[in-house]
Amino acid sequence: MEFVPDSGNTAWVLISTALVLFMTPGLAFFYGGMVRGKNVLAMLMQNFFAMGLIAVLWAAIVFSLAFGDAGNAGFVGNLDFAFLKDVDLGAGPDFFALSIPFVLFAAYQMTFAIITPALITGATADRLKFAGYAVFIGLWVILVYGPVAHMVFGGGWLSDMGALDFAGGAVVHINAGAAALAVILVVGKRRGYPHEPMPPHNLPFTMLGTGMLWFGWAGFNAGSALAANGVAAQALMNTILAPAAAMLGWLIVEKLRSGHATSLGAASGAVAGMVAITPCAGFVGGMAPIYIGFATGIICYLALGLKKAFGFDDSLDVIAVHLVGGLVGSILLGFFADPTINSLVANPGVLITDGGTDLLMDQIVASAVTLGYSFVVSLGLAAIIEKTIGLRASDDQQDQGLDLSLHAETAYSN
Amino acid sequence: MKLITAVIKPFKLDQVKEALKAAGVQGMTVTEVQGFGRQSGHTEVYRGAEYTVEFVPKIKLEILADDGVVDAISEALVGAARTDKIGDGKIWVTEVAQVQRIRTGERGGEAV
Amino acid sequence: MEFVPDSGNTAWVLISTALVLFMTPGLAFFYGGMVRGKNVLAMLMQNFFAMGLIAVLWAAIVFSLAFGDAGNAGFVGNLDFAFLKDVDLGAGPDFFALSIPFVLFAAYQMTFAIITPALITGATADRLKFAGYAVFIGLWVILVYGPVAHMVFGGGWLSDMGALDFAGGAVVHINAGAAALAVILVVGKRRGYPHEPMPPHNLPFTMLGTGMLWFGWAGFNAGSALAANGVAAQALMNTILAPAAAMLGWLIVEKLRSGHATSLGAASGAVAGMVAITPCAGFVGGMAPIYIGFATGIICYLALGLKKAFGFDDSLDVIAVHLVGGLVGSILLGFFADPTINSLVANPGVLITDGGTDLLMDQIVASAVTLGYSFVVSLGLAAIIEKTIGLRASDDQQDQGLDLSLHAETAYSN
Amino acid sequence: MEFVPDSGNTAWVLISTALVLFMTPGLAFFYGGMVRGKNVLAMLMQNFFAMGLIAVLWAAIVFSLAFGDAGNAGFVGNLDFAFLKDVDLGAGPDFFALSIPFVLFAAYQMTFAIITPALITGATADRLKFAGYAVFIGLWVILVYGPVAHMVFGGGWLSDMGALDFAGGAVVHINAGAAALAVILVVGKRRGYPHEPMPPHNLPFTMLGTGMLWFGWAGFNAGSALAANGVAAQALMNTILAPAAAMLGWLIVEKLRSGHATSLGAASGAVAGMVAITPCAGFVGGMAPIYIGFATGIICYLALGLKKAFGFDDSLDVIAVHLVGGLVGSILLGFFADPTINSLVANPGVLITDGGTDLLMDQIVASAVTLGYSFVVSLGLAAIIEKTIGLRASDDQQDQGLDLSLHAETAYSN
Amino acid sequence: MKLITAVIKPFKLDQVKEALKAAGVQGMTVTEVQGFGRQSGHTEVYRGAEYTVEFVPKIKLEILADDGVVDAISEALVGAARTDKIGDGKIWVTEVAQVQRIRTGERGGEAV
Amino acid sequence: MKLITAVIKPFKLDQVKEALKAAGVQGMTVTEVQGFGRQSGHTEVYRGAEYTVEFVPKIKLEILADDGVVDAISEALVGAARTDKIGDGKIWVTEVAQVQRIRTGERGGEAV
């Protein structure tokens, strides 16, 4: 093997892979703190299980679906890399122009595939059967995640068209958010919702999860440069500034509307900011992340009202935070994308020197396609599973708590 | 003056509280407890070891009430707490010799 | 842009930035575990909010105050970099001699500015109004942190004079500790202190925070080399050895004095050791970190008695751990600084070959200036805020708990 | 100093050191969640204290015992590096062929020495005197860890013979597991075991610990390449795939045998997979980690039955997870070691092209020697300590809880 | 023999305990409870959703006492627990038929 | 109908439960409480500050029982809970006016 990877770039992607892997436990705690104590293990379990199942499926087939036949401007990859064939210590296909080992690229991308279905668990909290959930995310990552990742990250038609997505605003957040919406339409509301109060059982866990997510997001966004260079540096700066500004935006509206600035609000605003900056991270600079973040904080807070307006039960606000946040970021990228930050920006954003609306249009198309594709397939998938092996936990199981009824465990004891 | 004590299923607390309010109850004291009884405990599994847990989470309510309203309150409580499944719990009444509101020093019926 | 950053150095500063960012959640848990359960969210909120507010202020103005006009041997920077103007992917001003993108340097330094005011929250625990706190840290980071960082890190007069501070013994710890002392003099004691027992509500959280802090401190200290080189390596070694020795020192005295070695003692000793090694990390070698750490563990334990002696209520011992720990480290550096470890050591420490007292004198001056400046400005600031919008929570708010009275939340539920 | 370390490799080993350091708090929570609430601080304390004590002993003597006179094909090193003499910013002895500073190598290896004795605490949970524990691990790391590390990592006779151990399957896991078995034979069962139920007091903590361990294990395994290269990349990939597959294996058998897939099972399976892949991480590729992981999940689950069969009280299943997991990984390496992944594989594994049983034999010998040596010395050490200063906590101390009786603290309060 | 039960505000526990000790009480049993009553609950806010929580944390004390000292104890307790603000709680007395110290088997007044 | 209440040491719960089952008890309700009494509290140390904690964790049992079996139950309980060390706790009996099973509405002896 003659390929000698760049040690600095490799070091950065190695640790970024570990960081993104660490986000799934972070998400588990972010969500786990918000559910009731009788369901916390079920929530943690769903997230950790995604690490087990998706990793194996990724090696078997999904990596190949996403990144096989890269650059084909099509809808899905092929099976060339199935079972990790040729996923070795070399540079991989020229398309990726890697300075790191191809096997590392595969590992890094795997961590994205793991967390994406895990994001859905916040919407469906407190009412999913474990077996149905396992089957759902297994099929989903093959039928939805693989193709969407290919279209955007693998040189498929959306990226070929010109849409930009630095680290997964569409692939991860719009995608998971749309799926979440579909699944909750199938499984219905939590037993007792909305009349029974269901306060978070351990908000410090949610804050802990927020800290872990923010930390891991450094690898998620800045790692997506696949190199330890200026773009990565800018992406990291943005990944601090946007969540910070989003936290402020969220807290200000919250204070004005409900009279209090809450810790859950601070956490939620920050996460919304992380979501929104994801597609933009390596493409915008200067004060743009602050504008994007601040707008996101306000918009996502207001989007909380959607679930009341439309009458669905999105337990932990995945729609407001991930779907809306992902859309806000993907579309604002059309305003702020800046070629002086990243030469991959072919069409500068509306507000940038020499900018126009070309990119904005591409962003809207890519967002809509992702949303629509994910929603439709997820809806079908969830409906079939609900009809067959069952996806919604029974009333008795929900009353007793999923931890005991599904997993024969209790979270806390003396 | 009587003290009505009831042990109920936790997820029934909200409904019971509403029923009691409707029955005119203005105060009560609630404790998280563990019940042991006919309702069979559940099995918990930790690393392959199965434990039978005979104690089930329950909620205990204590309501001080004038003698005259005890039956009405009991009925309201039983009505709301009942699921007809084993483990619904008990309700019992004891005599109270004296009761006082700490804030005002009022005694007896005034105090509850 | 012709500047090509060193990928290895950039990788190390990227992850170091993430590590230091992760320290603020770590600090939140370190402190949050020690307060009562009714105030834990207020504590977490203060820390997380610092991430939101300070990041935005940093971009707007504080970075420029600290690092503008670098090397001016003066008191404060200028506004050249305000709103991140010229904070780009290039190498930045020659003064810094960076091998990493300037924007990364700005992001890295930002994480220090975030955690410094957050350190204060331990002293004022359980009795601050959130609004007053927010205003206080916002002004403090501009009026105190910016100038102090400039004087020491930005080529201001203290560094020009010859004082050394590898990673912030003065800028971060003495600075925050002095401010903490000032604020508690203004806000007074917690309601019920000292007669009412106020045991920590969740010591495992405190241990968790300790683990997160130690982990993050690798980036704090070794990252301050701004390169992945021998100095960084030595700094990391020291950042493990000094806390380890400080833990042992603390536990030994604790065992002798109170009859028990406690887990909170282990955690406190370790953190004190992290504090003390901060100014020294890249300047000392061999067994010096162990001597420094061991001395710190003993001295900081004894410094716990200060609050009884002087009758102030430093809720979570910020004075004993950060102020005293920072002073111990800054001054011991005057004994152990070693030019064979780092060529920036112009005047070797007293105990080192060819050593003298020059550096020791500089260290004493820098420590005193930092302490005095921070204390005085903080005192004025806190007093003004207390008089105007209010800084101390009312007795009723303290009785009910800050979580509920200020943030309308409760941390734990079923 | 002319040696210029490779910045990328140095960056990777710097962060890997921090990652492995972070594993000990992770382990503390993994274990701490499983004990009863009255003993959780004692558990956390034992783990954190290992960070304090072992770090100092490492600097004083153990590093030198392990890595002094490297390559001597013998049983133990020498005292050349005692008190960190010559452990400097240079490249160290030629034997190591380092591209990173020698002091960083020493720091990195230190974190392994810290966590190894800490692993034992899971077996002995809820019944160790703190003083006896402290003396035990102090002596153990000198008498057992140092020699075993030398034999395998320091160019001692086991590595000279041809045995492979990428990141410590023998040195860390078999070694700690064998010691755990020895100590529990000396201290006996927990008071009340097995008739009194002792459910985990906080399973979310165990899940948190699992997440921290998995994250840190990236540094443990991939860091052991001591470079940011293809081998590190493959090791990281394997460190995700094997635990994932092990989680699935464990959960499947668990579901079949007890009717439920539990969250503790998911966590346990994942950790077992991390253990088993440790010796193999940089030596196997393709789907091998999945096969190894899956087999490990099943075997370690079944190994839970050992403690019932043999009537010992291994509180948190250190034997089943670390001893058995370490053995499974070390031996399966004899089947899957692949020279196309790593040129250090002189004798390919049984199932690999041109493979044979040479390596397998070496692996068996190395495993047996480690197991036997560790068990025998640990047994003697524990027995002597039990007879002299006492190792087992009294019945009263166990009844009251170790937190209060040994450390005068309680974990939770209001 | 009587059982005095009181529900008080949590932050008053220490003062009440001291007052009771001063009044000669040598033992008591304390439970964390949730109270519902005239004291209006508080509002909690989670992601913009406001919940009214009608249950307020309280502390329940149980004190076994000889008939002769019940009044003195009650008075001491009420004095210490009182803040004159709504929600100070109740104190009530019930008759105890029999009491025994487990350690010694002593009964009646000897047992408390 | 009587209510037997006992405060015991936590680590005795399992043994007591078994003894009560052996004595024919079919149900009970268990609460975690803090006891204050002759058993001296312990010292806790936080950063060099020593607190004396006078409250000790205890378990409270409540058992509704027919008058005829009260003595047998009490004896079984005391026998199992006793360690002969200070702090073993108390057991006391109060009169219950009425008891009902929520699930069925049965009253009196049938209900327990």
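Think of it as A, B, C, D, E and F in the order they're written, each chain with its own count starting at 1.
Quick note on the criterion: a contact is a pair of C-beta atoms (placed from the backbone, for glycine too) under 8 Å apart; a residue touches a chain by one contact, two chains touch by 3 or more.
A quick note: this is a predicted structure, and the numbers were derived from the prediction, not measured.
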Item to check | Mutual neighbours - chains that touch chain B and chain E alike | outcome: A, F
Checklist outcome for this item: Between the Cα centroids of chain A and chain D the separation in whole angstrom comes to 33
Checklist outcome for this item: Taking each chain's centre as the mean of its CA atoms, chain D sits from chain E at a distance in Å of 51
Checklist entry - Between chain B and chain F, what's the gap in Å when you average each chain's C-alpha atoms? => result 18
Item to check | Multi-chain contact residues (two or more partners), chain D | outcome: 6-9, 11-12, 15, 19, 197, 199-200, 202, 208, 212, 228, 258-260, 262, 264, 407-410, 414
Item to check | Residues of chain B whose C-beta touches two or more other chains | outcome: 31-32, 44-46, 50, 53, 94-95
Item to check | All chain pairs that touch each other | outcome: A-B, A-C, A-D, A-E, B-D, B-E, B-F, C-D, C-E, C-F, D-F, E-F
Item to check | Residue numbers on chain B that touch chain E, as the complex places them | outcome: 1, 3, 17, 26-31, 64, 94-103, 105, 111-112
Checklist entry - What residues of chain F sit close enough to touch chain D in their complex? => result 11, 14, 42-46, 50, 53
Item to check | chain B residues within the chain D interface of the complex | outcome: 44-51, 53
Checklist entry - Within the complex, which stretch of chain D touches chain B? => result 197, 199-200, 254, 257-260, 262, 264-265, 268, 301, 304-305, 317
Checklist outcome for this item: In the complex, chain A touches chain B at residues 192, 196-197, 399-400, 404, 407-410
